[in-house]
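Read through the structures below before going on.
Heads up, the next two complexes both have chain A, just with different partners, chain B and then chain C.
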Partner chain A sequence: MSNAYSIIVCAGLAPDPLQRLEPMDTPTGPALKNEMMLPAVLDPWAACALYEADNLAKKLPGSKVYLVSMALKTKLQQVMMVLSQKVPFELVAIDGPSNGFTDARECASELAQAIEAIPGLDKDKMLLFGGWESATRAAGATMQILGEKLGVVDQFQGVDKIEIEPSGAIKLWERVEGGKQQVSLCESAPVMVGWATGELPEPPNNPQVGMANMRTVMPALQKAKSAAASSSALKFKGVTLPAQVRETRIEKDMPVEAIAQELVTWIRGN
Partner chain B sequence: MDQGELSMDKILLIAHTEANGSLSKASLEALTCAKDLAASLSTTFAVGVFGENTAKALEQIGSCGAEKYLSVSGADFKDARYATDSYAVEGIYRKAQASIVIAAGTSRMNRVIPGVAHRVEGVAELHVSSIAGSATELTATRWLYRQRIEAVITRASRPWFLGVDSGNYTAWTGSTSAVTAESVATEAPAACKRSKVVGLESPGSGEQTIKPDAELLMVAGAGWTKKQADGTVHAQEARKTILGFLSKSGASLGGSKAMVDLDSENREAFNFMTHLNQIGQTGTSPRHQKGLSTCCHGEEPHAVGWRFINERRAVNLDANCGWARGKADVLYVADAFAVMAKVNELLSK
Partner chain C sequence: MEKASLTEAALAAKNVKAGETSSDDYSLPTLPSDDIRQIMWRYSDRYDFQMMVQSARSVARGLVANLVAQGQRNTHEWTEEKNTLLKAFDESGITSMYMNMEHGGFIPGPKNVVLALVAFELAWVDGGAATCCLATNLGLSPIAACGTQEQKDHYMSLAAAKPAGDTRPHWRAAFNLTEPLPYVGVETGMLNGKIRIVEWEKGKEPIIQVEKRGRFITNMDFAKFVTAAVDSADEKIKGSCMVIIQEDDPGVFDRGAVTKKMVHQLSSTRDPIFSMRVPASRIIGGYKVVDGVIIPNWSHSDILENVFRRTRVPVGIMTSAKLLSAVEPIIRYQRTRFRGAESINPGSPRYELGIQLKEDSQHRLIDVWSFGEAGASLGFWTERVLDDFDAVEEAKNEYFKSQGIDTARAQMRAMAAVEKEASELVNLEVMGQKDSPRYSELKENILVNFVAYDALLNVLCPAVKLWNTSTGATMLREAVSLMGGYGITEDCPGFLMQKWIDAQLEATYEGPESVQRRHLAATMTNEVFLATVKTWVKEMRVIANQRPGTGACALGTAMQLWLETINYVKTAKDADGSKMYSGTRQGVSFPLADALCWLLAARALILDTIELEEKGGANPNIASGLEGYTRFYTDMCHVLAARATGESARLCADIVYGYRRHPAWDSTTPACCYSIGDLDALDSLIPGIGSTASACTDVSEDGKHPIKAGPCANCEGIEKITVLRAKLDRCTTGSRLAKDRAAVALTKVMIPEALDYPK
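And now, the complex of A and B:
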């Protein structure tokens, strides 16, 4: 049996986590203040999915990685400048909102349409990858809905490791409660995998990969379909930034003994 | 389906059994949520339970006041597997025909709730922290941008499936009582059994360092792995101090990203710490009454993971670290090696 797969990685964009976020009201619902100015990154857990996909594709000759991403085209263009140097992929771009105020269901619909339109896609050889939660909506819902739409009923969430056996059986390690991982064996593709951190570091930049990717990234961005995905069904009654500043007591000259004693009293709750 | 009239809402709680046949604390919290909501909407609620054998769990909540009990019980439903779990949840939903479905935010329920909601043409929200109902509207509160922005949302569309994160409601308690549950299914179709659960593993050293029910979270940052005042790294001393503290205090262990991403040179000494321990933007946001940060800078991507830690203290050599800027209640500017060794000594007494 051939072990060549179409590995489809779904990834949105998220604001760089070091940025301060502030919500604001607009006539069409909530948005982030200065959203267009905030530097963006590929959504972190989805980025882990992309690096794992690349690693797998290298081990399984004939496999191909697609990156399906819905975000504002200008932002996508910025992120691709860096990302395309990391690992080889074919971009399928959708020009649409990618902030946390969009509905997972609508996002999944757009992704499903884009995936269905990939020429010659054999769903029986599809590994559908994404992050188990985004850093924007953090709904943990998009990938499950997308899996259902594409008829994938072997779904795994919070995955840290995957192995494909010569028979085509797929072994997966999923995060469950109490710091444990549940290990499952699925007979064969297709599977949906919502990745947690995985096991791979961010790959270094490789200008050659960047040049090869750019040949397909630019045309993909140009022909990106516009998606209206709005949160029409989802209504926001309020969006607030928590009051997070505490009055910090800073102890600069307290002797070690006294600190330890104070901590023990605090830990013991008396 | 659009439903303007809230008084028409029918509530259903769906829960799975644990390995010992009972319901988890998280499920009992979700039961409180369903019960409270039913009371505020002056309506009734039903309960559906699935698992290998649901008898014990149903008896456990037999006096909760549900109008109806439904069950999917059988060997096919023993393990947490998407295809069989979604089959069970869908079956329970279709039998109960509720408009609001509540579940605990366990890994098992979170895996299937959005997919099942889609299958039955419904909508879903996970990581909900509270649900409020009035005569005119139902709202759910949840965090966006990884605990940075809190949103109150509403939907007119039904059915609406809501996964409630643990730690937001008190667990329901009550006496056991025998109930007659309607059986919805006892086995799943073969197509649902392409995957098999083959084991449960503890990554890293195998030591259980993540304890969601602990009162205290201890965070170890990358400072434990850095050269100290004498110009050398004290990895073994750090290991002994951290593990000693965990065993004496019963605390759960968290780490910063820099700590869990350690290079191979330091990996061995800190093998009790894995990516599962990571707190923050790309880690978890656990719920504990107290948190003690040691050798961690308290940068924003880390500190957002402390959203649900009520009392926060930090030990850091740097008086200008992130914790000093309103992120902790107390910052001790001190050497954590010395402080924690002394703490361990005092805790032994």
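And now, the complex of A and C:
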């Protein structure tokens, strides 16, 4: 039995985590001050899903990774300059809002339509990946709704690890309470996987991969379908920043043990 | 929802009541984003360049920043930790970006702009890391520019980063020109490195002995091969050349002692010694044998001219990158300066804006910022011209080859013959007449096109190196001082102290300031270039008419003043009767070179700002904030234009007046002033002259004169310059208001929560 899959990673964008986010009201609903001008990144949870998808595709010959993303295409293009150098994928772009105030149901509809339109997609061999959480505003519902719209009823959230057995059965490790994981065995695809952080680091940039990706990314951006105008009844009564004091410090490549030790010291100190 | 406190505090800083707004007010939303840079520096349509920027940024703000933060700059030695830089360069594509596709590269076409973008990103964090990256390319440059096809194919392929899994050793290059003390900075015509023939069997390749000692040679800890400048010590070899020396050649390949430099410690520098035998095929560019004498196809100075024209430009851009990198940490420091003090409450102006409440801190930061922007604009303009020039130069070489014009003298003659047409081409281009048939006709003429480019680049390349690094070093000191005592500590975010001291090396290597000035002195009086400046004067007038806030008016006048000064010194003699403009009169030519550089930088920033204004609206990412960005940049243009034209005019005036003897109260005095008796006699013809003349000139009375050094100096023969200078002062009207506006914008601009690299 062939173990080649179409691994579809759904990913939105989020403002660069170092930026100050100031919510503000606009005639069309809440937004972030200067959001268009702030640098953006691929939503970190979805980025973990993408790296896991790449890892899985490398182990399963014939598999292909699609990145389906809804965002303003100029913003998406900006993010692609970094992301395209990480792992090989084919971009399916939807030109639409991606600011954390988008209705999860509408977003899921747009994603579903785009996925349905992928030429030659065999849904029985589809692994639908995305983030369990989001750095923009964690409604936590988009992937679930998307899965249902595509008829994917086997859904797993907070996944840290996935393995495909020779039989085609899919083994998944989901986070549960108390720092434990629940291990499930799913008979076959399709499945929806909402990734937690996964187990893989961010891959280093590879310009050769980047150049190969960009040959398909730029045309994909050019023909990106515009998302339908919002008909959502969703209304926000108010949007505020969390009350906590935010003190940011930049540490790159700090070992996990050192981070843990610092947290322990901080907790004990309080 | 949006906090109003920052705006209110900013207004308080300008003594404007909340609620009152001036029509001059605008908002600078954020610090300039990649989208803005891509438009200003014209690479919006090059995704391969954009990817390289992201790649280099990732290395710079990750590994490089960590190395600096860990104290790796505190040792001269090339440590294991520093060596990780090379792997990062390879993996991120930085190493291979310089190569052509057939040699393992991945970016098609000319590489000048992309190389500069990468240097910009690396220098944003550490200049030494940028030098480490550029030095490999510098070592390869003689081969890339002048090497034989075999040399190019062999060495460029070896130097490209190997694909994953390829375990063959990676060959890195070093460039060896400079020689040991007391000849640290060798003249291009004076070399102590020598070659001589040691074996030459009939029908076989001659074997040559290379003796070369290097000083300040970058990459020497890991270079596998070296391109070295040498002179002949053998009557059977004619002149100088450059040769390729490999680590595994027979003889001594001594990497030498570590250079104890106090800057750029993330690049490897040693003083190597070579005594090796190599085949004559290692002479870069090949050779021919005439009457039993080896004649290299390229002398070392020909190669250097070709190489340095391109490689010194990114160095200037590096210093500008460091200035721009200082803006964010300084704003953050200024705003948070008083936070934590008992009496400073959140929401109060002092809490929100800190030192930014003080006008001087804002104004000085605007100066730092505008110098960084102008330097970058000047640098990337030059790189774009170089990218275009690559093909133009190749076409010219092919043309000479096809026409059999092979001696330097014949080539010079051919180029001199088309100077007039080249000036015409420049005029049509700058004045926007590219659609005219005459423009097409001239543009298609290979030599005319080449001469126009050549004249421009002969000025632009040394100007970038000179202006960016010399003024940049001074402004980096200003940046450090804006951080107060924090600035000179290791805790200072942004490594500003290191960036300042590094700038001294950037002003020195690849030709110190005096070399750049000498180059400019020789090239800025080229008739084609002078014609170019004349078209810029017209161009600035047109811009000033459409965008009066840019300072283009002042710049146009300053360019006129500079042209008039050049015209004057070319024919004038000083008070002692000596020619004012000559190769040895550096007291005249060097300041005028400096004066020109200021104007070039100011022009470049104005043109980039116009590009942003015209193209920014098409980019949805910045469209909503475009007005704020363009108004801020326009004000910075005005500020910089006022400073640049002031400096340029001062230097011009210094030369024009400084070499004229001041009149004295001696026997020549009567010729210089009126006597009261003469004026009284004239009073009947010109009523009032006797009583009012002393307000305009010197009047002697009973043989006595006013108490001062001498009679007022006249301006005979320089009237036009005097008028232009006075006009220029008036042209700077409004520049301080522009600075005030830009300063207020600084107090409102949104900055990230923290710097994106460690300290």
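Descriptive notes on the structure:
Just so it is clear, the second predicted complex is superposed on the first by the 237 of 270 C-alpha atoms of A that agree within 3 Å, B and C clash if a C-alpha of one lies under 4 Å from a C-alpha of the other, contacts with A are read in each partner's own complex, and residues count from 1 in each chain.
We take it that a contact is a pair of C-beta atoms (placed from the backbone, for glycine too) under 8 Å apart; a residue touches a chain by one contact, two chains touch by 3 or more.
On a predicted model such as this, the values are computed, not experimentally measured, just so you know.
Using the contact criterion defined above for the overlaid structures, shared-chain residue A:Thr74 touches chain C, although it does not reach chain B.
Judged by the touch definition given at the top, the superposed model places A:Val239 against both chain B and chain C. By the touch criterion stated above, A:Leu200 is placed in contact with neither chain B nor chain C. Of the two partner chains, chain C is the only one touched by A:Met214; chain B is not. In the superposition on chain A, A:Arg249 makes contact with both chain B and chain C.
Of the two partners chain B and chain C, it is B that touches the larger number of chain A residues. Of the two partner chains placed by the overlay, chain B and chain C both lie in contact with A:Leu18. In the superposed model, A:Ala117 makes contact with neither chain B nor chain C. Once the two complexes are overlaid on the shared chain, A:Pro39 sits against chain C while remaining clear of chain B. Contacts of A:Glu257 after superposition on the shared chain: chain B is touched, whereas chain C is not.
Judged by the document's definition of touching, chain A residues 18, 20, 23, 30, 238-240, 246, 248-252 lie at the interface with chain B and also at the interface with chain C. Per the touch definition, chain C reaches chain A in the complex via residues 1-3, 29-30, 33-35, 47-48, 50-55, 58, 61-62, 65-66, 91-93, 96-97, 106, 163, 619-625, 750-758.
Within the complex formed with chain A, the residues of chain B that make contact are 80-83, 86, 106-108, 110-115, 117-119, 123-127, 139, 143-146, 148-157, 191-192, 194-203, 208-212, 215-216, 249, 261, 274-278, 281-283, 290, 292, 299-301, 304, 307, 311-313, 315, 319, 323-335, 338-340, 342-343, 345-347. Across the complex, chain A meets chain C through its residues 16, 18-20, 22-25, 30, 33-34, 36-39, 72, 74-75, 77-78, 80-82, 84-85, 204-208, 210-211, 214, 218, 238-240, 246, 248-253. Chain A meets chain B in the complex at residues 14-15, 17-18, 20-21, 23, 30, 44-45, 100-101, 103-105, 108, 135-142, 144-145, 147-149, 153-158, 160, 171, 173-188, 196-197, 201, 233-242, 244-252, 254, 256-257, 259-261, 263-264, 266-267, 269.
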